[in-house]
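Each of the next two complexes has subunit A plus one more chain, namely subunit B in the first and subunit C in the second.
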Partner chain A sequence: MDLYKVGKIEAIALVVIVMLNHLVLNLPKIFFNTAGCAAWINAIFVFAIALIFLFIILKLFKNFNGMDILDVSYFVGGNTLKNIIGFLFIAFFMLIASALLRDFSRSLNIIYFRNIPIYLVIIVFLLVALLANRIGSNVIIKTTTIITTIVLINLGVTFFLTAPQFEFNNIFPILGKGAKEIFLSGSTNIFAFSGFCVLYFIMPMLKSSKEFNKIAIWSIVISGIYLVFCILSLLLSFSYVVDAYDLSPMYLIIRTTQFGKFLQRPESLFMFFWILSLMSYVSICIMFSCNIFQKITNTRKSQVMAYFFTSLLYFGALIPRNISQFKFIEDVIYKYFSIILIFFISMGILILANLKYHRKNMKLEGRKLNEK
Partner chain B sequence: MEALKNFFKNFFNYENDDKLYHFEIPETQEEKDAFDNSNGSSGNNSNSSNLTGSQDQQDSKTKSEPTNVFPSLNINLEFMKAKYNTSINSDIVIREFTLTARNKQFSAFLMYIDGMVDSKMINDFVLQPLMLKNRANLFDGEQSKVVSEAVTNNITVRKVKRFDLVDYIFNSLMPQNSVEKVNKFEEVCIGINAGNCVLFIDTIPTVFNIEVKGFKQRSVEKPENEMVIRGSQEGFTEVIRTNTSLIRKCINNENLIIESTNVGKLSRTPCAICYINGIANDALVNEVKNRVNNLDIDYLTSSGQLEQLIEDNGNISLPQLIATERPDKASNFLMEGRVVIIVNGSPYSLVAPATFMDFITSPEDTNLKYQFANMLKILRVLAVFIALLLPGFYIAITSFHQELIPTELLFSIVASRESVPFPILFEILMMEISFELIREAGLRAPSTIGPTVGIIGAIIIGQAAVDANLVSPLLIIIIAITGLASFAITDFSFSFYCRLLRFVYILLGYFMGFLGICIGLFVQLLIICNLKSFGAPYLQPYVPVTTNYRGLLFSPAWKRENRADFLNVKRQKRQGKISMKWKNSNNVDNGG
Partner chain C sequence: MKNKKYIVLLLIITSCTFSLTGCQYKSPGIDESAYVVALGIDVGENSRIIVSFQILIPSSFSGEASQSDKSIVNSVECTSIESGINIMNSYISKEINLSHCKAIVISEKFASQGISETIFTLMNDVQIRPDCNIIVSRCTASYFLENSKPVLEKLTARYYDIAPTSSEYTGYTQNLTLNDIFYSLNSYTENAIAILGGINEDSNEIPNNTLFSAEQDSSYKANETPIDSKPNMENMGLAVFKDDMLVGELNSIETLCHLLIVNELNTCVLSIPSPFVEGDTIDIKVIPTPSSKNKVELINGSPYITCNISLTARVLSLNETSVSLTDENMKKIEKYANSYIEYQIEKYLYKTSKDLGCDIDNFGKYLTKHFATEEDWKNFNWIGNYNNAFFNVNVSTSIISGNLLIKT
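Let's look at the complex of A and B:
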């Protein structure tokens, strides 16, 4: 797959879309389950942690300009580590995409296509994603830029539409389930910023690697602001006990809004844009999987692998037999896998790489001194 | 008894005459020979062989043909007669006469195509000076002309220029502004085909190609399909020189380059590639030239045909070049750094590269204040979406997403559809096809009854269809709004694209609701994002994001300081930082 050089805005869109899709579906629910009516504090707290984490990553990447996490892994542990990290990230992309695809298809199935089997709905998304990957990564990135903009506007409109029904009493008690839940258990909600996974791979794709810092900061700030606003608008609109319904909280909140007398149930319109967003998201996940595969196997053209990853996604999305299995995958496996991979393993590799880098530098300096 | 039986059999039975005339165009030489044998040799055998012979034969024939003009007039005459099939070609004129030069007489002939030349011009400025015995051609002076003379040691050294008949005729007997000396038959034929007359003279292996074009042509009229209120009211015509002069009139600059080229092996259609030297990117100009000059086609008749031959992706129905019949619009694009292609015989010029934004921009926009222009542009974007999606949305909402419709309206829709016996897909397709039929009939019908067809179609058939419970009244409104929206799109090709895709969205909306429409939109976005027109991404300046170019909205006239970024022009600035210098009294140039 030819690597397309992306600009600043395109790169930001790539990172943001990963978070937005989870936000639209199940992310707020997890925050409410953790912190109750203090979910918004938890969101701000997690956002702050994400920012700190971001600055550490930027600092660690400073010595590895133009490299992605695979190159850094190769630097640390050679091909073995590179392959292990590569396959872990492929598994991660497959996992998050299949979980989200299943969740969204299930919602669509419940709302509109009761008579159509879910596997057909999933196939539709995958076929589109496959087509996108066959056309090329540059096209996916360009399309994502447009769709991310639309979805950001769409969510912005949601906040405004829900504003009239805000009930500020909903945020009380202010600490919800308690400080421990917010700041200790709630810290695991950092997985909401899974867009970091894109940041690890985007550096070689950039037109100018000097822009990396700006891209990273902007994308995480936008993601964080939307996360906080989404949770706040949900919390202020109705009680945090939204888990009673088996649908996306964002869908439910849109369902209660009215746009004058004419548009009393505008949720389908919002769903329309979220469908586009999910198509883009699945395409991106397959694209990154193909790119990683290409890098670890040194294949010349990895586009053919799009068929394999699409099939893998399809079967992955069909694995959960019931809602409890599906919830387990979403709430536990996905959550902890992303935390371990993105925030521990990758970070660990970056730290080790920096240590190795400094040791090498010191050796070189020592040799120079000896020569003198 | 047998005779009686045969009589009745023949009486009731009809037998086909096996010797019925049967014709098929022969494809191979064997077929052709068989056809000739069965029909006997025809009188025009030599002529038909040119058309039906294989390519190799034609090539070998071309190779065996003489290339240079002969000194003998008779040989030249016979050759040209054969070349142009003068025995059957009625409009080829050969005028044989005796030319007088330096009081000597030479046999000569003129050859031209009737209807393509100006006869008066030939009479007054070609035949008269050559045939009439006046002082110029009767003068029998020195045969050699002394150019210079010098005397050294009582020896006179003269530099003499020998008398040359060709030069003499060219310089003294041809009161024409455009005469060319050629000596190859190919060049002679090009001249004749282009509407010139050629002069062959005995004993001279040179032919004079005299420009006496005199086609009957349409005068410069209002553009038919790109009308504006405040802009220029001149449109391109079918004649390439008129069109280039119209552009020259708009751009008074010597850097405007108009390069000529011929496209088509047989038609050799004159084309012009126009650009502004010092602004247009060299690579872009070369790419256009490369594509136009590398077309292996027999003939080219219109710019529409050329557009399809040089666009980046022929399988995508989106227009990838701008077609305009307005010289001012073409000039604006040239000044921006784009390349304009003009084809002789077509009143539409092509502009490369094209982006999506160009198709929702009207030539009127530059004449309007930016606020008005922006309002119109937003309206056109809305029109694109309506023309593309409205029927699809209607069908998706009524089939899958009824909750979007207010309850009262939903009741009214249900009530109006109650008496309609068809499924909604059939109903909407029927109306869409009817609308397209009305539009097509209105376009093809003679201009006097064209509008009537539209009115009859729109009002009477629509009303009758509702009365007959074939369609619901709401659907008529939907189709009418969609039709209006498609008319609001400025570019004809782009409007066509929307009309075509509308049917796809109707089907997708019917089968999968919003999910189907999303699939369509996503795939369409992929295609558009992948598309490039002469190296320029189609969705510029938004994807990829670039600066320095007007996007959807116009900035005020004084703020349009730079040329399009994606064109990578040589001269980025198109006006000063502060273009309205009169506002700053210190910088005012009083013209003194």
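Let's look at the complex of A and C:
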């Protein structure tokens, strides 16, 4: 796959869109399930952890300028570790894309296409993603930049339009389900920042790898701010019933909000933008999977693999038979897989790489001293 | 060359979409659907419920089915709303569509048996909008729907849309939706309320047992007003629920007090006792100011609720014997207005607290900040404690002027 060089804004959009898609679907619900009306504190807490984590990663990547996590894995453990990490990330991208695709298609199926089987709805998204991947990564990245901007504006508008119905007493009792839930069980909600996975691979794609720090900080800050604001708008509008809904809470907040007598039923417009956003998201996941596959197999052109990954996504999205299986994949498998892979394994590799780097440097310096 | 390939591919995909029009998976067209503008729910004789549908007859001149002025009401006795819809689909040979449903009418008898199942089922329906009004009817729901014909409005759907908005300038009812009642049923801080509706049939007699003559025009409930007209829908007052069961009704002045407390009154006309002529009344146009505030404290385990209500008002009724609106006279009117409104609000609050045991003003939300966790709050059992509440109501009315005249 020809690697398109990514600019600063485009790179930020790539990271942010991962979070945005989860945000419009199920992320706020998970925060409410964990912490109740203290979901906003949990979101701020998780955001703070993500920032600390980000600064550690930036520090650890300092010695590996222009390299992605696969290059770093190769440096630590050779081809074996590189291949393991590569396949793990491909599995991760397939998992998050198929889970989100299934969730969104299910929502569309319930709201608009009740008579149409879900597999047809899924196919539509996958056809777009396949076509985009066949055309090239530049198309995906440029389109993602536009769509991310639209969705960011869209969510901002939602927040301000729902502001008149905010009830600030909804934030009480201040500790919601309890301090333990907010700060201990709630810390697992760090998986909300799974956009980190894009950061691990974006360095070689950048026009200027010096911009990496700025890109990483901006993308995580934007993601964090939107997470907190979306949770606050839900909490202040209707706190008690968020976890009672099966569908996206952001959709329901727009559905229940009246924008005057003239603009009725605006949710269709919002839904349209979210459909574009999901198409973009699925395309990105396939694009990164192809890139990783190309890197671990040293093939020259991996575009053809887009067919394989699209098929894999299709079957992956159809695996859950019912809501409980689907919830298990989303709430348990996806959550813990992303925490283990993004926040433990990758971090571990970066730490080991730095240790190896320093040991090598010390040896080199020792030799130089001996030679002198 | 590469671009040409993709253009051809896009053309193939686009042309494929046209072939999908004959696909077996299609949504029912407008002519295959029956659009319901109002849904009625009554207690059934043999089965559990009677579901009534007010269905629009599509006008041959209008584009949308909802833009019709003619409708029919069909009822079916069944075990659930969904099975009722199924039976009705079979009977009318069209698919019932609830996406234009503007009102859900529940009879008092049904409401007193519990409505949570109905409300949750309706919220679970994708077609029904959360902004659909919930009306508790003092007559049967089917009778309510049969007699709800648009007056001064051509379209049935718009008629239901506009009807509850009279609360904005009367304060005699509240625009309550399915979402509001669903929220209240899930809440630990408040009880649910719904619009109280009825069919005004004959001109009712004016009751003469009220304390003040000022109360006379504002003590009606739906179905009680002395209006001489053809039978038609009348929304006045509120239906109060404890848990999910109807436990009481509020008349128009009580509803007005409720709106004042929850800060949802835009403006209204109020008759207060005249400070100048005994037994006479003065009409004032009341506009609440945003500085109205409620405060809830716990004193010896009992809720102590302070309501500070601030109003501005204009004097509407003047006659030949009226005195000039001097500073001294305006202060007198303010004093009478304050004590009259305070009396009405206290009466209303003690009714909801002691008689009904329901916090419909959501006072509970002011107390949640004194509790650390949701568990502590639930254990406190606010709704159970509300009937121990005592109130302190302070009304501050500021008379600005008359409208055009200041003296006669």
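The working rule: the second predicted complex is superposed on the first by the 370 of 372 C-alpha atoms of A that agree within 3 Å, B and C clash if a C-alpha of one lies under 4 Å from a C-alpha of the other, contacts with A are read in each partner's own complex, and residues count from 1 in each chain.
One rule holds for everything that comes next: contacts are C-beta pairs under 8 Å (C-beta built on N, C-alpha and C of every residue); 3 or more make two chains touch, one makes a residue touch a chain.
Computed from a prediction, not measured in an experiment: that's the story for all the values here.
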item	value
Which of subunit B and subunit C A:Ile122 touches, first, second, both or neither	neither
Subunit B versus subunit C as contact partner of A:Ile110, first or second or both or neither	second
Partner chain(s) touched by A:Thr256 [first = subunit B, second = subunit C, both, neither]	second
Subunit B versus subunit C as contact partner of A:Phe238, first or second or both or neither	second
Partner chain in contact with A:Asn170 - subunit B first, subunit C second, else both or neither	second
Partner chain(s) touched by A:Thr145 [first = subunit B, second = subunit C, both, neither]	first
First, second, both or neither for A:Ala306, with subunit B first and subunit C second	neither
Which superposed partner A:Gly7 touches (first subunit B, second subunit C, both, neither)	first
A:Cys37 touches, of subunit B and subunit C: first, second, both or neither?	second
Doubly contacted subunit A residues - partners subunit C and subunit B	113, 131, 135, 265
Sites on subunit C touched by subunit A in the complex	6, 9, 13, 25-27, 126, 129-131, 179, 182-183, 186-188, 365-366, 368-369, 371-377
Touching residues (chain side subunit A, partner subunit B) in the complex	7-10, 108, 112-113, 121, 124, 128, 131-132, 135-136, 138-140, 142-143, 145-147, 261-269, 271-272, 275-276, 279-280
Touch list for subunit A against partner subunit C, complex	36-37, 110-111, 113-117, 120, 127, 131, 135, 167, 169-170, 172-178, 238, 240-241, 244, 252, 255-256, 258, 265
Interface residues, subunit B side, partner subunit A - complex	397, 400-401, 403-404, 406-407, 512-515, 517-519, 521-523, 525-527, 529-530, 537, 539, 542-545
